[in-house]
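Down below are the structures I want you to see.
Next come two complexes built around chain A: one with chain B, the other with chain C.
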Partner chain A sequence: MKFLTSNFLKCSVRECDRSNENFPLKYNGEKCQLEQDESLEFNPEFLLRIIDRVDWSAVVSVAIDLGNSSLPSSKPEFTSEDLSDEDMIILKDLHTLLIKTNIVEGEMSCRNCGHIYYIKNSIPNLLLPPHLA
Partner chain B sequence: MLPTPHVSCDYDKVYEPSEDSFLILDALEKEQAFLRTYFRSKPTVVCEVGCGSGIVTTFMMQNDIPNEHAIYLPTDVNPWAMDSMVESASLNNCCTKMLSPIRTNLTSSIRPREIDFLVFNPPYVPAESVPYMPLDSEANEGDWLDLALLGGDDGMAITWKLLDSLDKIMAPGGIAYILFCARNHPEKVVKTMSTRGWKCELTEHRKAGWEVLSVYKFYR
Partner chain C sequence: MVKKYLLFMVQTHLNFRLAELESLADLFGVKTVDFSKYDEGSPFFIVELENDAQARAWISRSILTRGIYEYWGQGTTYEELHREIQANPLFKQFKAEYRNSTFKFEFDSFGGSSSGKLDRVACIESFKYLEFQGKIRMKNPDQVFTVIEEYEPLSDNVAGEKALRMFFGREVQKSDRLCGALEKYDLKKRPYKGTTSFEAELSLVSANIAQVKPGTVMYDPFAGTGSFLVAGGHYKALVIGSDIDGRMIRGKGSQTIKANFKRYGESLQFLDVVTMDFTHNALRSDFLIDTILCDPPYGIRESIKVLGARDPERFVGKEDVEIDGKKAYLHRDYIPTKKPYSLDALLDDLLQFASQRLPLNGRLAFWMPVANDENIETVIPLHANLELKYNCVQEFNKWSRRLLVYVNRGDGFQGPTNAGLERSKANFRDRYFSGFN
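Then we have the complex of A and B:
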């Protein structure tokens, strides 16, 4: 799964919807195997819109889980229509993180109920066992 | 007419694209221009619920439906559907698209109010009950096909699950396209959903063998 997908995934357990701890999931950095997908081209316009939309604190939190603690705690702002060279560097880094980074194998858990979910062949499995569904 | 994607998968394990799938493709093609204008350059989170072979999501990726700033998060309960989805995308040269399939039941693992565009070809065949979800280790091949087909009472048990939480699922301004057969009594659905404040419009319908299929659009 794409790193960006982590911004949309919550725990599947319905009771956890009442908690604020069901998102983002906690990724186990030791178990997560990452790959860079080179087929996705850098598209600053798309990326700007995505950044505008994402829950930034969740991006920071998952990045830290995966061993990247270099992100600023507040969402980078791009004010002018013309992006500066510095902006472009930040955007390229975010493209690498959000769009190109693929979690191929790994596991993550809910901060509320502790249920563990697995990622295999780049597909996260959030289906619950019958007793929890 | 837009070309139909190539799909190749094991149809003993994954629902084979049929009249219903093709009706959805036709509905989406009809709506393409409207969707472009509606979403413009907004980043759209697109979720096909129960993607099966992946033919619909692949079609959307090939044709930038609903727009070119889409993130595709198709879901299915069937593990083989996940493989087929990825395979169909790659067969049709969609590797430059933002695709990230999720194995889950309906949209239960996607944050509420994030989906801008939803497509659902549900298990709509009326049946005594909805089959139980098997454990992967105990599943027979045919179990996954039953889950893709059988919809319980009026064939609506699963579709109502989704419709009943549509407010929670969809982002503000979101649009959902859902397929029905005549035995689902879509006219009753329209009545109920209208009283809940949803606009419901018939987008496409067709007689397919002894079934009459229709695709309705739900938005606010």
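Then we have the complex of A and C:
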């Protein structure tokens, strides 16, 4: 699962929708095994569209879970089509983090109900036991 | 100022062809086409467009057309064709504009091949009055001029002797079909596929009618082997899929959905597939989904299941069972139980989800199978916020399937709804296996 996908996944337990704690999930850094997918080429326009849709505070929080606390607390802004060299450096870093970083194996839990979800073979499993469904 | 263009279409999947053309016209802001002149019985459609750029945008993605040409003339004989071309009010302008371009001639036909029936060299000679001065170039010429002949098809691959009609025009855009999309996505050549994989042609057509847009997000809730994800990726959306059955989306060994994207050179478009019950959805509610395109389970090859216990009493207290000092349901290899669910309820959930997640004017498109019984009425699910835009039928022998396409019009739409009603009288799966008798 791409790091980016962590930005779209909440806890699947319906009751947790009433809390603000069901997103993002809390990733267990010790259990998460990361890999960089070098085959994904850098495409700044594509990335800008994506950055538009991400919840930045969730990016920061999952990055911290996974041991990266270097992100700024507010979403980087990019003005117009003209990207400066500095913008490009930031975008390349974000490409590495959001797109290339793959969680191959791992676990994450809901901050509200504590349910634990697993990532196996790069695929997160969000199914629930009957008492939570 | 508008100009005439000739659209040359394929004469198959006619129930989908107009929907594809209208959807692409709408997507690219093409407003000058008079669809009331569209004739389902003909592969030709003469339209008016502002310029070549519009024609290109409109047709480059199309699967059910062959190409679009600047219209120079037509006739039922070559004499008439040549007269018509020279009588075209734009003839002088055309001649001047392409006088020095490098060019070549191409021949295309409908109803059978023209090869052997037409002396192509002599035919090209007969266009001498165009007075082109540019070099003939077979590779990458500036312009391609095309003669399209229409034959009467006598039987499947046999054409009548003489062409009934001929058109002449300047090629503006070949369709996605003619640029190789069907060969590229042919299931036979796909690394990972399964019994539920959807054929290339209609999955691409579905993505066009659903108006999948570059740089937007497309979601397939019932992704299976990822056929619709691939179609969405082809049109440059960022695609995400889910499926309740982890084995389907995992693939085997090097045969995976990810490998399919890699093969097609579209790895960047593929976000992820997640194991999830659509009805217990984990996509955060403010995550913008532009398009939903899918083939829901209809209980033929795979049953319709959702999370939960079929027999809740059997599961009372199970949440307290521990293995190795840890709750059983928190173990990595725990497999949750599932219970049967009805297609009607699942489709209601799908429409409700679409009405909540899609932007205004965003589209939901999905396939629904129906038995072809005269006495069973097919009821199409409806939601108050969703306009049913298309209902395209693909007929098989004893059953058919429909592509239903909805547009999200928001709360103010207040359309008819039939949620919660039992729509399908007989279980499709039972009918399918009893041979529809």
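Everything below uses one rule, namely that the second predicted complex is superposed on the first by the 132 of 133 C-alpha atoms of A that agree within 3 Å, B and C clash if a C-alpha of one lies under 4 Å from a C-alpha of the other, contacts with A are read in each partner's own complex, and residues count from 1 in each chain.
Here is the rule we go by: a contact is a pair of C-beta atoms (placed from the backbone, for glycine too) under 8 Å apart; a residue touches a chain by one contact, two chains touch by 3 or more.
Because the structure is a prediction, the values reported are computed rather than measured.
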Fit-or-clash call for chain B and chain C when the two complexes are aligned on chain A: clash
Contacts of A:His131 with chain B and chain C, given as first, second, both or neither: second
Winner by number of chain A residues touched, once chain B and chain C are compared: C
Chain B versus chain C as contact partner of A:Ser12, first or second or both or neither: both
Touched partner set for A:Glu41, first chain B, second chain C, both or neither: both
Chain B versus chain C as contact partner of A:Ile116, first or second or both or neither: second
Colliding region between chain B and chain C, picked from 3-11, 21-29 or 147-155 after the shared-chain fit: 21-29
Doubly contacted residues of chain A, that is, touched by chain B and again by chain C: 1-2, 4-5, 8-12, 14, 17, 23, 39-41, 45-46, 49-50, 53, 99, 121-130, 133
Touch list for chain C against partner chain A, complex: 215, 217, 238, 240, 244, 246, 249-250, 258, 262, 267-268, 271-277, 280-288, 306-309, 312, 315, 318-319, 329-330, 332, 334, 336-337
Partner chain B, residues of chain A touching it in the complex: 1-2, 4-5, 8-12, 14, 17, 23, 39-41, 45-46, 49-50, 52-53, 99, 121-130, 133
Residue numbers on chain A that touch chain C, as the complex places them: 1-2, 4-5, 8-14, 17, 23, 39-41, 43, 45-46, 49-50, 53, 55, 99, 107, 115-116, 118, 120-133
Contacting residues of chain B [partner chain A, same complex]: 41-43, 45, 69, 71, 73, 77, 79, 82-83, 86, 95-96, 98, 100-105, 108-112, 114, 132-133, 135
